[in-house]
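Have a look at these structures, which come just after this line.
Consider the two complexes below, in which chain A is the common component and chain B and chain C are the respective partners.
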Partner chain A sequence: MRDGVLTGPQGHTASLRPTPTMVPSSLGRTARAARASLRQPVGLLSAVVVFVLATLGILSAHIAPYSPNETIFSPYLPPGAGVLLGTDKLGRDVLSRLIWGARLTFYVGLVSVGVSITLGTFWGIVTSYFGGPVDTLTQRCVDMLMALPPIVLALSVMAAVGQSVNNVILALGILLTPTAIRTVRPIVLSIRETAYIEAARAIGCSRARIVLRHIVPNCVAIYIVLFSINIGYAVVVEASLSFLGVGIPPDEPSWGAMLAASMVDAARAPWLMIFPALAIFLAVLSLNLLGDTIRDIFDPRLRRELR
Partner chain B sequence: MLTYLVRRLLLFIPSLLGASLLIFVLMRVVPGDIAEILVFQAGTEASEVQQKQVQQLRSELGLDLPVLVQYGEWLARAARGDLGYSYTQRQPVFEILAERVPRSMELALLTLVLAVAWAIPSGVLSATHQNRWIDLVARLLSVCGLALPIFLIGTLMLFLLVRLFGWSPPLEFVSFSTSPSENLKQLIWPALAQAFYIGAPIARLTRSQVVEVLGEDYVRTARAKGLGELAVVYRHALKNAVLPVITFIGWWAGRLLGGIVVVETIFSVPGMGSTLMQAVQYRDYPLLQAVVTFIALVFLTTTLVVDLLYARLDPRVRYA
Partner chain C sequence: MRRFLALLSVTFVLTALVVAPDASAQDKPRRGGVLTAFINTDPGRLDFQTESGGQLVWATAGIFSGLLQHDPDDPTAIIGDLAENWTVSTDGKVYTFRLRSGVKWHDGVPFTASDVKAGFDRILNPAFRSPRCGASLKPIVAGVDVIDPATVRFQLKFPATTFVTAMSSVWCRVPAKHILEKYGDMMRPEALIGTGPFKLKQYVRGNLIELERNPLYFDPALPYLDGVKTFILKDAAAQLTAAKTGRIMLSPVWPLLTKSQAEELKAARGDEVEISKVSINIIATVQMNLSKAPFNNPDIRRAVNLAIDRQELVAKGLDGAAVPCALLNPELSGEVALPLDEVRKMPGCRQPKDADIAEAARLVAKHYPQGVEFNASVRAWGDYVDRAQLVLAQLRRIGLRGKLQSLESAVGWANYAKGEFEFIATQDHGPESANPADIFSLLFSPQGGRNYTKWSDARATEFIDAGLREGSADKRKKVYWELQRYLLTLESPPLVVVGWPQGWFFKDKRVRNHRYPPSFYDDTTYTKVWLAQ
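Entry: the complex of A and B
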């Protein structure tokens, strides 16, 4: 039942079929995407927010007024001049920590999604196309990994490997790779049966050529969709793990961990809770909306549900 | 249908075994086994005596055997209800689970009831009042529910409760059989937080489904023959629209179980989720193994039941 169904992290359930009308040149597609994005004000706005947050992250060393881990002021200073968003219980500047947190958030999100979706898509394409024992083994492994609720799987992985930035990326990879494999499988299986693949085989194309020239290009749309809708999800999982105290190590400025730490002092220093909460909300909301928009542009048939 | 059932059951058992094996192996491939953690708990330097202790513990616990043999033994014992002994809680894992699972089940049930109670009416209302203010409010709520991770909803809610109402998380859990009202007072907040979280996508799907069905010919027919709006919406539209919603709710079993881990931690409910967190933090492997396997069992059973229910409810669905 799960085959043929893309169960996106935030509740996009829709059936997937390959796109028959692929635009011949990549330039045309880019232009089309750009034009479509102008017709999507929500998508455009969320893209702007994502861009701003990402820029803050990339340039954090230059933008952040102070170092994220140094005690510079007295503890629990309320927001005001000099310390725009106040200080935490160790006298660290909240604004600087949030800006460095953006860097961490985007780093973990992009690296984990980039590696696992690319790997999962490619692995899924190759094994589904060739079939055989490797394909069966892959599918059973995916079953195994999908038999656990995502957050429980991530927690178990973190329990085994311990807290660190790279281990969070590893846990996310273990969560996301099976999703990609499962999603491309029905698409590859249906492309395999089309007339143009038969034609390619008939004129003597090598199997590598068929996969690379005929199947991979047809999976580009779903790859982009998978990539964009999973970044918001990865950010949520990272923040959740850090919030629960098993994700990013405590000395790194993670939004989730900042929020968890603020719970103790919420009564005397509400700013410690409000600003990280706002940062997470903004990032997740804009990443999700951007993901939705990109999905709509690249595969309009996915728009069916949840509109 | 029968073939479908058999095929699904054949998939169920290997998936469950696979998940438990996965956790089992995961806990053993990493450096620092249980024996070392137990002996070096104090964080002292490794002395001769301690090395000996580690060796002894390893052979006592069977950790010197190959992993697959260990797994076989664990499985054989688990099948007989012996899930091992928790290192941190100092009692049999089975007893811990027996005490805590009912609490989580109650919380999950309460969450589902509340989620359906807000999501379906709000979805229907916003579909019947498209683009009016009630629709906008309902849609805004569900977009917020989608963008706010569960830990954020829980934290904000706890903060508001504490600040505005002077509420504080209970120190001791009161079971439903002892005092139903006290018990509900403790569980209602975590259930509400989670109901908001899992209700958002349900509300969105209900809206889009009802909007679609309202455009159907038979709805126009129902209106044409002079039925009241209520009868049209509830008898004709909702009944046809609700089927995908039911499946969808089932698909969110994973979200529900993951959410339980988080809200139980935030609202300090001593259930399965907070047990899992303790097991993770203290690397209490026997406890972790049992809880995770149990969660996988619940997750897989829910998915299976929903799939079968779907085939049963919708006569148009045919499985080859």
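Entry: the complex of A and C
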């Protein structure tokens, strides 16, 4: 952390300076966000790509030409009419598997990040505000978890609990929750010492009320930033775990697993490698750029520049 | 000038003769060098008497010796190993082995007949699970006696034709009595003390198993190699890359290369490697747990047998290289194998499959109108996961919806052995020897090491027993034909035979005198293998 600017797991930065201006009216924020987005075409384009991929995922059952596990074609058909992106070793339609893979990727990304960032943020707010032994214990646990290389930690969790979609979400949750706890802590500590919190205490507000009415709203911006920048990260970790064969079960279509399976056939059927790699690349790049844009919108200093 | 040119030419010729490698020298065994090979999963559990996975013996076979062995120079012949010679009683029920003198274990302790008795008593104990050697010998061996420190006698229950082949198997090697007494089993690396040509140098879990020459080996001229490094390469792409770059010199017997991989390797290394297409004695199956729903229902097992499209599995899962449906492969078992024309007409194998699939769907709908879900297991090994997905895709067509769980190889073995599975979506089995009796003992005998749910059928057991006892080749053939017909037409079989995979081996041309024996397991002692310069 430098000058109140936090560096995230992928080098993203976010302002931690609490200010009452970070809680404007929702209408004003939306309007400003829309204006700022239009001034950031890369962010807008990323949002479009993410929207398209997410829509494909959500509507996969209706959009995908075939079931992802249907083995009705000949193996290794190159891209062409009938099978737009070709078929794999077992005669499955690559396009259908990619579309179903998008569903799984976004489901795992959204749920894991949603749960872990929400939990981590709330836990971080509560323990940081109240302090004491629970806070100390929490911080030492966070230290321990963050000392482990992320992928090693995720692999260990998966080795312990076994392969399943929910277990991937659990592994990602264990990976991401400490980040949220650690990120909100300095914000809460600094808000705790501000005059308006002192004033709230003076007029007899309960601690629960102070947390819910004054601390939590001031952390919404960083919550949104954390949420947006970590989805791309979650997608990469999920793809990595599946690539290593410990993530999503093999019969579920996952981009990482598709990429891993393609390695053996790279020379024979390069499309099996190209399309999942492209999907992961597009999704992660778009999510990261979108996260950066959201961060820029919520960062008061950058927002001023954008104006 | 002319004299100078003539002199120069003579010099060139002489230099070439001196420098060029001597072809005959290349064909003579040469001492030294380290052979590199690979296995595609860590054996994890190292006790060859209790385990059944090939990767264990492929990496450690050279550590132990048996009483008998396949001749390294002619693997179709069986010769003495720790046994200098042996005699058979006139009734064929008593085998007496005279042991080599002066043999020592790797730790210097002398080898005696009591080691042989301790090792075989262990696996013949009815309470002891020994899926390989134990499964072969328990039905036929009554007991083992020490006559003197250099003589041991095996008393058979009946004159069994399979005894000698079983004893030559890599799974029937002799462990050290003092090591078993010290550790209780051979699971830990320090318990891998044998009398074989190599001893364990290091075992780096998940990475490498390295053997080095045993200086105490009873034949001081052998082995030729200084050592063998077996890398654990789980990923097929990594295996192929290692072969293409020359990092590994040899395929293990399994998994075989596919045709496209063989072509890729040939293109990369040209004449530096020998590539050959082979049939090996390994059978691919799909297995059901008879005690767990829905497979405890005979109709569902029948439906699975009818619905699985063996030909599609061979075409897509095995790259087209396999003999589908057969319980015995004619290429390996000759006339004992039921003719393929007859096999192809059996339920589940016959084409087109429309009628079989319709019947299978009807059977499932009879008990589960909305279909049924089940848990399928597969060991994450070779191309198993691909094949398993194909099997599940076929079963979904009849309303059986499997959720696939891929298991780390050693975990898979342990689960299967304990019966902790509902459905094994694919598993290959290699009988101990090329003897047709072994495949039936392994899969269909109640004691069989791969008969995970202890399926038992009086008629099948009767046939298996008759095959073991029958001395006449013609009568044996008849027994085995009837047995194959019976098993392939079972209404609700315990397993589905997919077929006998084929594939491509590769061998670096520097590797000399390496021969693939008829058995799936017995080629990795490397006793007489040597490396050309």
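Throughout what follows, the second predicted complex is superposed on the first by the 286 of 307 C-alpha atoms of A that agree within 3 Å, B and C clash if a C-alpha of one lies under 4 Å from a C-alpha of the other, contacts with A are read in each partner's own complex, and residues count from 1 in each chain.
One rule holds in what follows: a contact is a pair of C-beta atoms (placed from the backbone, for glycine too) under 8 Å apart; a residue touches a chain by one contact, two chains touch by 3 or more.
What you see is a predicted model, and the numbers here were worked out from it, not measured in a lab.
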{"item": "First, second, both or neither for A:I280, with chain B first and chain C second", "value": "first"}
{"item": "A:A31 touches, of chain B and chain C: first, second, both or neither?", "value": "neither"}
{"item": "First, second, both or neither for A:A61, with chain B first and chain C second", "value": "neither"}
{"item": "Which superposed partner A:L259 touches (first chain B, second chain C, both, neither)", "value": "first"}
{"item": "First, second, both or neither for A:P250, with chain B first and chain C second", "value": "second"}
{"item": "Which superposed partner A:A267 touches (first chain B, second chain C, both, neither)", "value": "both"}
{"item": "Contacts of A:K89 with chain B and chain C, given as first, second, both or neither", "value": "second"}
{"item": "Touched partner set for A:N69, first chain B, second chain C, both or neither", "value": "second"}
{"item": "Contacts of A:A160 with chain B and chain C, given as first, second, both or neither", "value": "first"}
{"item": "Common interface residues of chain A - those touching chain B in one complex and chain C in the other", "value": "162, 245, 263, 266-267"}
{"item": "Interface residues, chain C side, partner chain A - complex", "value": "235-237, 240, 260-261, 264, 312, 315-317, 378, 380, 385-386, 388-390, 392-394, 396, 402-406"}
{"item": "Of chain A, residues touching chain B in the complex", "value": "1, 7, 10-11, 13, 140-141, 143-152, 155-162, 236, 239-240, 243-246, 256, 259-260, 263, 266-267, 270, 273, 277, 280-281, 284-285, 288, 305-307"}
{"item": "Touch list for chain A against partner chain C, complex", "value": "69-71, 75, 89-91, 162-163, 245, 249-251, 261, 263-268"}
{"item": "Chain B to chain A touching residues, read off their complex", "value": "11, 14-16, 18-19, 21-23, 26-27, 29-30, 143, 146-152, 155-156, 158-159, 162-163, 200-201, 204-205, 208, 244, 248, 251-255, 257-258, 261-262, 265-266, 276-277, 279-281, 283, 288, 292, 295-296, 299-300, 307, 310"}
